[in-house]
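Two complexes follow with chain A in common, the first pairing it with chain B and the second with chain C.
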Partner chain A sequence: MCETRSLMTRLRGHILCGAAALALGTAFQPAFADDGHYGGTLKLLGVSSEGTLDPQINYTARYWPLFIWTHDGLMAFKKVNGPESAEVVPDLAEDMPVLSNDGKTYTFKLRQGIKFSNGKDLTVDDVVASFQRIFKISSPTSGSFYNGIVGADKCLAEAATCTLEGGIVADAATNTITINLVAPDAEFLYKLAVPHASIVPADTVMKDAGNEPIPGTGSYMFESYDPNASLIMVRNPHFQEWSKEAQPKGYVDRIEYTFGGTEEAAVNAILNGQADWMYEPVPTDRLAELSVSNPDQLRVSPLVAWWYAPMNVNIAPFNSLEARQALNYAVDRDALVSIFGGPALATPVCTILPPDMPGHVDRCDYTADPGELWSAPDMDKALALVEASGTKGQKVTVVTDDSVTSRGVGTYLQTVLSDLGYDATVQSISGDIQFTYIQNTNNNVQISVTQWYQDYPAPSNFLNVLFGCDSFTPGSDSSVNMSGICDKGLDDRMKAAMVLGSTDPEAALKEWGDIDYDMMKLAPAVPMFTPKDVDLISTRVGNYEFTSQFHWLVGTAWVQ
Partner chain B sequence: MLAAILSRLLRMVVVMFGISVITFLIFFATPSSDPAARIAGKNAAQETIEAVRKDFGLDRPLYVQYGLMMQRLFISQDLTSFANRGQKIIPTVMAAAPATLSLVSGAAVLWMLGGILTGITAAAFRGRWPDKILMGLSMMAVAMPVFWVGEMVNLVTQNRLHDTWAFSWVPALGYTPFSQDPGLWFRSMVFPWLTLAFLYIGLYGRMLRTGIIETYQEDFIRTARAKGLTGRKVLLKHATRSAIIPIVIMFGMDFGVLVGGAAVLTEVVFGINGVGRLTYQALKVLDLPMIMATVLYASFFVVIANAVVDLLCLLIDPRMRRA
Partner chain C sequence: MLIVVATLLAPVYAKHVAGTDPFRSGLSAKIKIDGKPTPVMQQSTEGLGLGVTPIGPTWGPQYMLGADGQGRDVAARMLYGGRNSLLIAGASTLICLFCAAIIGIAAGYSGGMVDGVLSNLIDMIWAFPVYLLAISLSIVMIGKSFALGPFEISSGSLIVPILIIGLVYVPYVARPIRGRVMAINQSEFVMAARGLGIRRWKILLRHILPNVSTTLIVFAPMLMALNIVTESSLSFLSVGVQPPNASWGTILQDGQTLLYSRPWVSLAPGLAIMVTVLLLNLFGDVLRDVLDPKSARGR
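So, the complex of A and B:
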């Protein structure tokens, strides 16, 4: 127990020290010293491309970190290193919005003098059209992020005629935008800062733009995109820096993202100086070697994410609370951390909210010595619970995806389930099918291994999205509440906490911490560990900065 | 002749129709492949999924969807991908084809030359040490999986010895079109060619050796010998000519299949974005339009290659013309 705790403290100490040193380093650097770093080409590698280039549709961790450099929303996450990057700052809006009408009305003043990459001026009409476009093109989050805007219900029902009348009001004379919500939403500014709320020209095609780049206001623009070959970004010729925090001028002149090959080949290319960075995780078998041979080219950063095993509360054996709790007691998180690559790459967890998520409280019941942190499995308690549940001997199938780690975790869970007296097997299916497969109740998945990464730093993004009643739709491939849990009491508390957040954020965060704890009492899932991000970069990359929201900031890195 | 061509064309259409129907049905029978949910994105609201379903015509009966897909694939040719919306299928396959064609044609030249040389040499020295060495090597070539050989080649040329005089000329992995830089095209293809050809040299060499040795038992060889022909003439003009027929047939099959996408492992290992990798990526993300196009493309090449091989056999072996 002590070892885990001291290790965590040490790790945290390291990260903080690192951040402080970095902050000091940049603070004392004379401004002119940076000028020499502008220019050059940054070469990124990816095994595959990942869909449309439309920032209002693409919902992938691969392209979001690029869209924040080509497009802006009214708000933006701070483009700075470390924890501060979770704060939102005004981007295309001049200032933070003025809230009125009990937190239901947001008034933004639009910055003037900003041009799109096609040379056109940004106007309030573009803002209105962009919000309508979210619905007209059926953006994936139109029904989950932006459904609180007045008029959104009509837009969701009939996308083609969407106007958001009364929801988004523009006043060209004063250059202001007023957004009216149906109810207060503490997370609304975050939702305005993700790429789906990018402001695009009003005359943008009202369907998925696909491979055709859409003009944006960011520091860069897309020059060309061929999903089977490459994605090229160049400087936006009309860009003038208006806020270093929101949209700084990038260092490199050109970013080339090449698709193809294997992870192995990408590692070699970076070591040979033929490329600067790869999107895919470094293969675990190469990590050990690299941590000895090229430690200065590896960057390890904390993520706000979790690996977890959702248990289906509607079918046997996990419709029994005791059975679910038993597995939570029995799983050795340290063993799982080793499967993932060791304590440097992951931390055991016991709660739904990851350690760096606001609202997270260190509290753990499912451990040998209940207290703040997980220490060791309690097999005796687990066996007693299984006995009490009357589910012993039942068949259980763990559904994993086909990645090495996921299969490893699944096989480990299989041994634990067997030790508990179940007849356990592992079924591993292609990673691209697994995520939808485990959501659909028609597939009768009992327990699966999966991950969730934050969309924005709000506790509801984990608790409400993954365990709320609204996220459970039987028979649908889009039912991200994989446990199928719908606890009326907790659901009401989550909805109340979301409202409370807009008036009293502190109290709301405390309530989220309590909801987390109470949800875990129902044990709809086994929290396993929080992964860390490992980036391998070439020797010429300088000023590596990492944000928990969009990971590596490609624009603030330099290559010369 | 015309009847033969027509019957072949008809057979091709029937084969391709059958394959497309099977592909289509397998796709919709795959659990959790609902294209609407995939297109709509992670955690999309049910309203959004329904809107997408309607928009893409995925709410219509399967036979209508099949008909529409075939119409958009062959007639209007504007079929777009489900995964990379806006990516037109036919131009993408056409853009990937030259990479695969470069890889497979270059390797085919190498493996036909290498295979024939190996087979003839081994047969000529039957039972003696060149035969034993060559057969040992070819057994190794057949036994080693191509992706492993490729990774080992990369390990040497791109990693361990990349900075030495021996391999510093090897460019970074990937494909450069011939039209863009012929020199770079050639340099980047050398090791992919060798890797892909390696297996087939072993395979063809062994087949040809056995074929020649079997042919030596035939009456016409005895006759040729009795006429007083030299050993070399008997081997090259009579035995090899007859023994090469199965090799040519096999070559047609292999070439067709590889051009159609079966060189995927070599393509992926060497970062060549060809048809094989396209198929593989499409299968991974369940991109039905792309799967359909690449599968039909592959079957087309197999059928065509078979037809060409039949013609070649007629040229090589006069006995076949009579049949």
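So, the complex of A and C:
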């Protein structure tokens, strides 16, 4: 029952729930039930590595699921299977924070006796230095997640001299940390639970650590990292389990992540028992066969994500509302779902908030039969809108990355745009640069194909981040509002909803649902589908657990 | 010749035989097999029901070689793609031979500083691995439209791969042409012509060019074979022909992800490339034997 409540309710009720759970857990926990599963080596495969090993900088879905096992924040998302994993629990903090000053001040008591993997004790100074480090190294989310901390504005302006004065206050005597915010932020605890808020030793280098592992407090530590070959994780010798929910002791002794090869080779290696899991999606031409021959090795899990086509509202032809709406009416979401592997792997969507995101409401106007769900494209209406827009015949380039699915979606959109009367082409560029390329207004991207996965389970992480005025920075590679839309009315409503979330979460979620609907009236993007995650695992992997936040929990799996 | 004719007839095949548009996504398309409507993209219904597989070869008029991941007729795309592959290879061969002939003859015949500058330029381009140079140029040129004099070339235009492939092989032809010109320039009949006071440009036109032209003709089919492979490689790497256009290279790339379930999508363009290149090389050998009897006797 605890997991169904809102965040603020949970904050108040957590102590009671936690105490009850602790009592029950202690009373009924079978002694040494899973002891036989400890040990062994988990072998993971990936086509490539994905950048720095610095948890406060790396912003990739490949490494975040690893950082949660090597580093901790003050808070953590529960490392459990299913929807409960969206809850935040105290991690390095002893308990949930005490809120004061109208929700603008959070006071945490730091756990004692915790050591980093280099043997040093964790202190409140490490916490302060870690928050300063977020700004000093220009962490990708320093300006979006942590800009509400008092003093953050100065840190963002002058990173090198960042002190967060008045924002983070440590008291070594009471072992407490106080964080002061400029305004209440209902999502702040989520932001403390992502890897960018990892607590690292105070003497950590104040720049991107690159390939050098940074000591952490997690149950594992990085032993070695060669981006061209492998990443090895071993047990942290100084780790003592303090919270099974936040940082459980992992089952395997060693995790070997090998880079290189192809997806096909990875599938064969897993089927032959030479590897246990692959990061990349299973190639679509193997899925049908595997779902018959090896169904026990496939795990399909829902994701809080969407594939969408942002349309640049500032340049032709999509500076015309009718043109944007026309494409929304014309796109056959079922066809796009088939590119992704069929209805078992993706669901058509009409809204910005994915179905499993709080605040989502089933509503669809851009379909032949408007109602709750998408039914079929309405080509007649789309053609009429294009005619009314006066944009017919204009040149449109769809920019995709070079992955199979993205190119497939781009090719499909090119066909639809041609059917609507545009002179459409597809430009496929390397996945390494496509995401930043489509953000930069200097590249004059008209329409692109991209995806967004939740950072944390809050509607603002989709609506405000992807379509808020603050996310639009012309001429920058970090302008994630790729549509370039800035509707002052909706932007004010989003800001108000974020504040409302700290006092009346239910009303805030309802407002987010309405904002979603109103934003789609402006059609800044074509929502296409929400994908599902498919993992192929070896036969020896047991206790597979999946969270929508960090996907497969590698540490809770066993191999013997 | 048969391949060229077949590719020229691609629109006729696509429109009147296959009845499909090979450049449109056919994800929701259906065809009749044994009188029953069958979806082109077939949803798996067994096991966990994961995956959608395009229809395989029907060996009939529609979807003879099956469909690709977009539900498009592979056979029709093969013919259209072949036309583009041959067009790019042919045009780039002509560009390459033209540029190489001018540079090689100018360097070999003029000598001195002109030769020094041109030879160093050739060496500089030669220093780049050909594929690295081609990929680099492609990435720059396919990103945006650009102007070539009064003409604007769009990013997806076939002119882009034609120009790139045509230019990267210039040093490989210009260098032997230069050597050949230098050799001819020292031959007795040229010396005699020079001794008779015949003007330089007349010697060039009457004695040098006819002797070099046979070398260029022998180069042509072999260079075209090489250009087909280069175009396919660039398109396979997404830096050659851009969608919605097709070439054998792009079809090969489309088929890469269907290798396990629908191998014909890759096999068909692969075989087409292999056969065409083989025939062009054989043709080149025959041409060389005809135009250069000394070399034929020597073997």
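Note that in this section the second predicted complex is superposed on the first by the 527 of 560 C-alpha atoms of A that agree within 3 Å, B and C clash if a C-alpha of one lies under 4 Å from a C-alpha of the other, contacts with A are read in each partner's own complex, and residues count from 1 in each chain.
To be clear about the criterion, contacts are C-beta pairs under 8 Å (C-beta built on N, C-alpha and C of every residue); 3 or more make two chains touch, one makes a residue touch a chain.
Note that the structure is a prediction, hence the values are computed from the model and not measured.
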| item | value |
| --- | --- |
| First (chain B), second (chain C), both or neither touched by A:344 | second |
| Partner chain in contact with A:295 - chain B first, chain C second, else both or neither | second |
| Touching partner for A:161 - first (chain B), second (chain C), both, neither | neither |
| Which of chain B and chain C A:143 touches, first, second, both or neither | first |
| First, second, both or neither for A:477, with chain B first and chain C second | first |
| Chain B versus chain C as contact partner of A:414, first or second or both or neither | second |
| Dominant contact partner of chain A by residue count, chain C or chain B | B |
| Touched partner set for A:284, first chain B, second chain C, both or neither | second |
| Touched partner set for A:335, first chain B, second chain C, both or neither | second |
| Partner chain(s) touched by A:274 [first = chain B, second = chain C, both, neither] | first |
| Intersection of the chain A residues that touch chain B with those that touch chain C | 264 |
| Chain A residues touching chain B - in the complex, by the definition given at the top | 48-49, 51-54, 57, 59, 138-144, 147, 156-157, 159, 208-212, 226-229, 258-262, 264-265, 268-269, 271-272, 274-275, 430-433, 435-437, 439-440, 442-443, 465, 471, 473, 476-478, 480 |
| Complex contact set, residues of chain C against chain A | 23-25, 27-28, 41, 43-44, 46-53, 69-70, 142-143, 154-156, 238, 242-244, 257-262 |
| List of chain B residues in touch with chain A within their complex | 30-34, 37-38, 40-49, 51-52, 55, 80-81, 83-87, 92, 95-96, 151, 154, 158-159, 162-163, 172-174, 268-273, 277-278, 281, 284-286 |
| Chain C-touching residues of chain A, taken from the complex the two chains share | 264, 283-293, 295, 298, 300, 332, 334-335, 338-339, 341-345, 395, 397, 402, 404, 407-408, 410-412, 414-416, 418, 424-429, 534 |
